[in-house]
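For reference, the structures are reproduced in the following blocks.
One chain, chain A, appears in both complexes that follow, with chain B as partner in the first and chain C in the second.
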Partner chain A sequence: MSSAMTGTGKSQRILLGAVAVFFGLPLVVLLLFSLADGWVGTILPTEYTLARWNTSLSSEEVLAAAGRSLLLTVCVVFIDLVLVIPAAYVAVVTAARVRPIIHALAVVPFALPWLVIAAGMQFTTAEIAPSLFGSFGLLTATIAAATFPYLYWAVENALLTNRAQELSEAAAVSGAGGLHTIIRVIIPSIRTGIMSGTLLVAASAFGEFAITMTLAGAAYETLPLWALRMFSGRNPGAGGELAAITFTTFIAMFVLSLLITRIDTPRSNTKAARAFALVPATKGK
Partner chain B sequence: MSPTRSGNADSGRAPARPLSAQSLRAGRRSRVVAALPASPLILFGIACLVLPLLALVKSSLELRAGGIGFDNFVAVLSSSVDRQAILGSLQFAAIQALLCAVIGTPLALAMLRLGQRGRRWWLPLMNVATSFGGPGLAFAFLLLIGTSGAITMLWTQLFGGNPFPSLGSMFGLNLLSLYIHLPMYVILSLPSFGMLRPEWWEAAQVSRSSRFRYWRRVGFPVIAPFIAAHTLQIFTWSMGSYALPYVVTDSPQSVPLITVEIGRDLQSAVFGLERAATFAVLLMVLAIGTMWLYRTIQEQGAKIL
Partner chain C sequence: MGTVSLDHVTKAYGGNVVLNDVSLNIEDGEFVSLLGPSGCGKTTLLRAVAGLHGIEGGRILIDGADVTTLPPQQRPIGMVFQQYSLFPNMSVRQNIAFPLTVMRTTRAQIESRVDEMVELIDLKKHEHKRPNQLSGGQQQRVALARALAPQPRVLLLDEPLSALDALVRTRLRDQLRAIQRAVGITTIFVTHDQSEALAISDKVVLMRQGEIEQVDTPEGIYLKPRTKHAAKFIGSRSVVKVEANAGLLEWHGLFEIDSPVVDGTRVQCTFRSEDVFVQLPGEDASGVAARVDVMIFLGATSTLQLTLCGQADSVEVHQVVAQVPAKVARRLVEGDMVVILVRSEDVTVFVDGTLMDRAASLLAVSHV
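Our next item is the complex of A and B:
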């Protein structure tokens, strides 16, 4: 076998190396800056300290913002789980007719910028219920709507690969009731799909910027909005804290992402790939 | 199996006869009941995704003087400031899409050849990078190529001068955005490029074909439709990207962009939001158009295989 199809050639190793540097350098510089005590007019920091890490990880502002992001994430995940699992079950097992409708809805957050969805939500509430604007409920609902396709595709994929329809029929033949079948047979069989979908929803809800900025702004300062304030503000030490928190978030997300690829089936290992596996051409139907 | 069919099977011994109106109605009712658990998601989707888009269309067509018409679109297209924002967005998205295709295609092919073990580390990294945009990333690049950034300092000491334009310039914005869009392109490409079979290359070798000839006659024609489709997708996503541009394009010298204009209008204006609505509808139309094109091209690509 030659290197055209297997193994990496020299030029490919150079390309991969260059890309690794491009993706790695920002992380290295963030870590350096978070540890720097003096870094003015030099290529590398001159003094190092752990002070920024101490202040940022114990700062009440950071903890409060992280808490808000976490609460938002938990609520979004909860809404998506409650809405998506029954719908996906119905679409695969009992009423295939609803599938095209759900697929059409699921394409919206992929095709359209979330900023446009947020803008639309602002216009809608201005017309129907102005008091909702800026509320936690509206923010959560909009992010849940924008992220639901991640979970839906993961669950639908899992239902199809595990032949949920045959499973339910077999369970029905052996006398199991509908609800019993779902709880005892279906959900356990699609556990990994639910988990990987949930992690994707959580990751995007936690880092969400456009919808939060538009619908909540300063009224609900999540971690990304705190980062924006640190970036724009010129108060001393803000940069170091921003660097420390950004670095931590990246590493946490990386670990989360490693988990996703580990629990996922090899066939569908990335969120965008799964999203676009939906495109009818690639599904054959 | 649909409920009506199983109902017929139950009364299997009776001679076939037309369904009575009653059993038809019962069948329809049980079909509705079967679809019922999906209704909360569908209603939720309509309320939070479809309704807002309709509201945008309505606002973009509503005239301040009353009535409806395309005046808002005419106003946006004839204002030089707004035209610059549209041009800025189009130019940024085109460069970004082109960069992703040129760098991302060989990158995705190289990653495919890494095998399962190598990809185990690359894929999560790419996944995280796609959702990493925002103030943190902008700050990292500021530390690297800002006026007193590490690379800028290094350059100054070696060659003198500062070659790096600001992060909000066309160059800066494109460089920063590659951090998000390049992984997106690769993630989109891996499954479709994976369709290139090793047997094809082996067959080409057996028939003494050169590597260049293999790529020109076999490899490239197979993946070309997918390259086109994914480049188009990156173009659309770049048109709509918001977090990074919002953070770095705050000086008057920065590239004007549609999304940033929408965001600023939404946050500041108390009235006169029709401009934001009009911009948003323009983005919507573009997204729908490219989505349609994307699927058409992909279907073509799938036909080859």
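Our next item is the complex of A and C:
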């Protein structure tokens, strides 16, 4: 190996190390804080305990808030998947003229603070359908509307990259109808885009608090709202528990990302891989 | 049966007419190529037959049945695309089985037909691979098998060889023709490559600006182009302007033919590059002297760009293109002088872009 290449390798390692420290150090500190029993005037804690982990993970209040967050996340992801995939398919494959309109809509949640979106939704429902005010349905729909661009851009990009238009035409001349084509050809082909978009939507919905606080408030306390309550100091000494829950949430998301990455990785041509195929398998030889 | 009839088909994008009153009949089992330059409407015509493009006027009939308004799913066609368009999430077998599963054929029938198709395209060893594990030629064979699997009446091929390298392209072209003959399916093949069209087709449809310029056998279209554009597009030809004089058409001593038009009429005379008879200096040569300006080596033959000499009083430069065998080309270098001649029977005459039938004209003159 040439010295120039060795030099490049070394600088790459330094760069990677710097990135790892930048992203990893806050997490390490968070973990230490959740485990610290005494940490005053020293670089590392002087004593460690699992008490805060035990307390927080067995707290009914925390578990209920986590359950609410999870339910909200599942509903938001479901709505976005059901609406966004067909919309992106239409925009890319069947009616390209609607694409600029969807693009404009998909930029709004990035341009407007979600708090403003929530306030807008609040005023609108107050005028049109006051009965929906503060409801779980309104909350879910609003978060779904705010998070849909994450899924849309990922799906549209995957459709374009995988030449969905050509695949759809090939399916059509093979006799397949629109729904059959979407389910059997398009969705399996753009699985990577759907997975990454879904992950972004799920992470955003799970961690969302501005819309939830504005539309539902204490009536629907999700995990981020619980964390906000702990953080605002109404429960003195709850910082350790907050750190334990935050770290747990991070680990959960990290594991979920890893799983999705595993699913995204193209499988080898194994018997198991064929068994996973989303089309009726023909006999193996 | 697998006849295709296009009856005054018209297609436009806004004000831009891309198919202008196109009519064509294709017989059962024929291999027909739609040939023409980019933008001539050949792919649009093929996609109209497939149902991927609607048409504004006319009718499309397959086996006598009007399919003009039917979606692609309901037309008895199979289609192969330029970029293969194999389903990336499916194996070779699953791709071939796809149209059969859509038809709700029984599992046993699907398996049997897929076996047959895999055998036909000779990809038994690769039948469980995904498209991205295959070469371009292999992928295109899978696409062909997928198109043929449901036994369509008509096979549509949209420049299926364009994305392949030269060697694979020639091999696959021959395989394509062999498979088409074995299956006996009516086939419409779109290409802009004249050598491909001439080599593979029963009939060539030459298109230009949304219209059919000429329909003929490969020999017919090559030897007897009916328009100036057909002559220019098929093969390599020199086109020169000549004015009829004293009942003759003569061009700087290179050729002299009886004129099929009245004196004073300006016509275009064309001759193929391989019909320019190139004689080496020092031989007992007859014709006109020319200088070799450029020599392009093509392997078995070479193309010579020649400038006629001997018109010292003329400021015009008269150039022709000739094609010579390698054994002649080996004895030449750029700048050499040669003597060239074109036989009168190899000259084709066009008036206002339309072929003049010299024999018929002469006959008409003699009757008068």
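Just so we're on the same page, the second predicted complex is superposed on the first by the 208 of 285 C-alpha atoms of A that agree within 3 Å, B and C clash if a C-alpha of one lies under 4 Å from a C-alpha of the other, contacts with A are read in each partner's own complex, and residues count from 1 in each chain.
FYI, contacts are C-beta pairs under 8 Å (C-beta built on N, C-alpha and C of every residue); 3 or more make two chains touch, one makes a residue touch a chain.
Please read these numbers as outputs of a predicted model, since none were measured by experiment.
Once the two complexes are laid over each other on the shared chain, residue contacts for A:Tyr220 go to neither chain B nor chain C. Once the two structures are superposed, chain B and chain C can be ranked by residues of chain A touched, with B on top.
Of the two partner chains, chain C is the only one touched by A:Gly177; chain B is not. By the touch criterion defined above, A:Trp53 reaches neither chain B nor chain C. Using the contact criterion defined above for the overlaid structures, shared-chain residue A:Tyr150 touches neither chain B nor chain C, since it reaches no partner. By the document's definition of touching, of the two partners only chain C reaches A:Arg163; chain B does not. Across the two superposed structures, the residue set of chain A contacted by chain B and also by chain C is 169, 266, 269, 277, 279-282. Those residues of chain C whose C-beta lies close enough to touch chain A in the complex are 50-52, 71-73, 75, 77-79, 81, 83, 85-91, 93-94, 97-99, 101-103, 107, 110-111, 114, 124, 127-130, 132-133, 143, 146-147, 150, 156.
Every residue of chain B that touches chain A in the complex is listed here, in rising order: 1, 31, 34-38, 40-42, 44-46, 48-56, 58-59, 103, 106-107, 109-111, 113-114, 116, 120, 123-141, 143-144, 148, 150, 153-154, 157, 178-179, 182, 184, 187-188, 190-192, 196, 198, 201-202, 205, 211, 214, 236-237, 239-243, 246-247, 250, 259, 262-263, 266-267, 273, 276-277, 280, 283-284, 287-288, 290-291, 294-295, 298-299, 301-302. Chain A contributes residues 1-8, 12, 15-16, 19, 22-23, 25-27, 29-30, 32-33, 40-44, 82-84, 86-87, 89-91, 94-95, 97-98, 101-102, 105-109, 111-124, 127, 141-142, 144-146, 148, 152, 169, 203-204, 207, 209-210, 213-214, 217, 224, 227-228, 230-232, 239, 242-243, 245-246, 249-250, 253-254, 257-258, 260-261, 266, 269-273, 276-277, 279-282 to its touches with chain B in the complex.
Within the complex, the chain A residues that touch chain C are 162-163, 166-167, 169-177, 180, 184-185, 188-189, 191, 266, 269, 274, 277-285.
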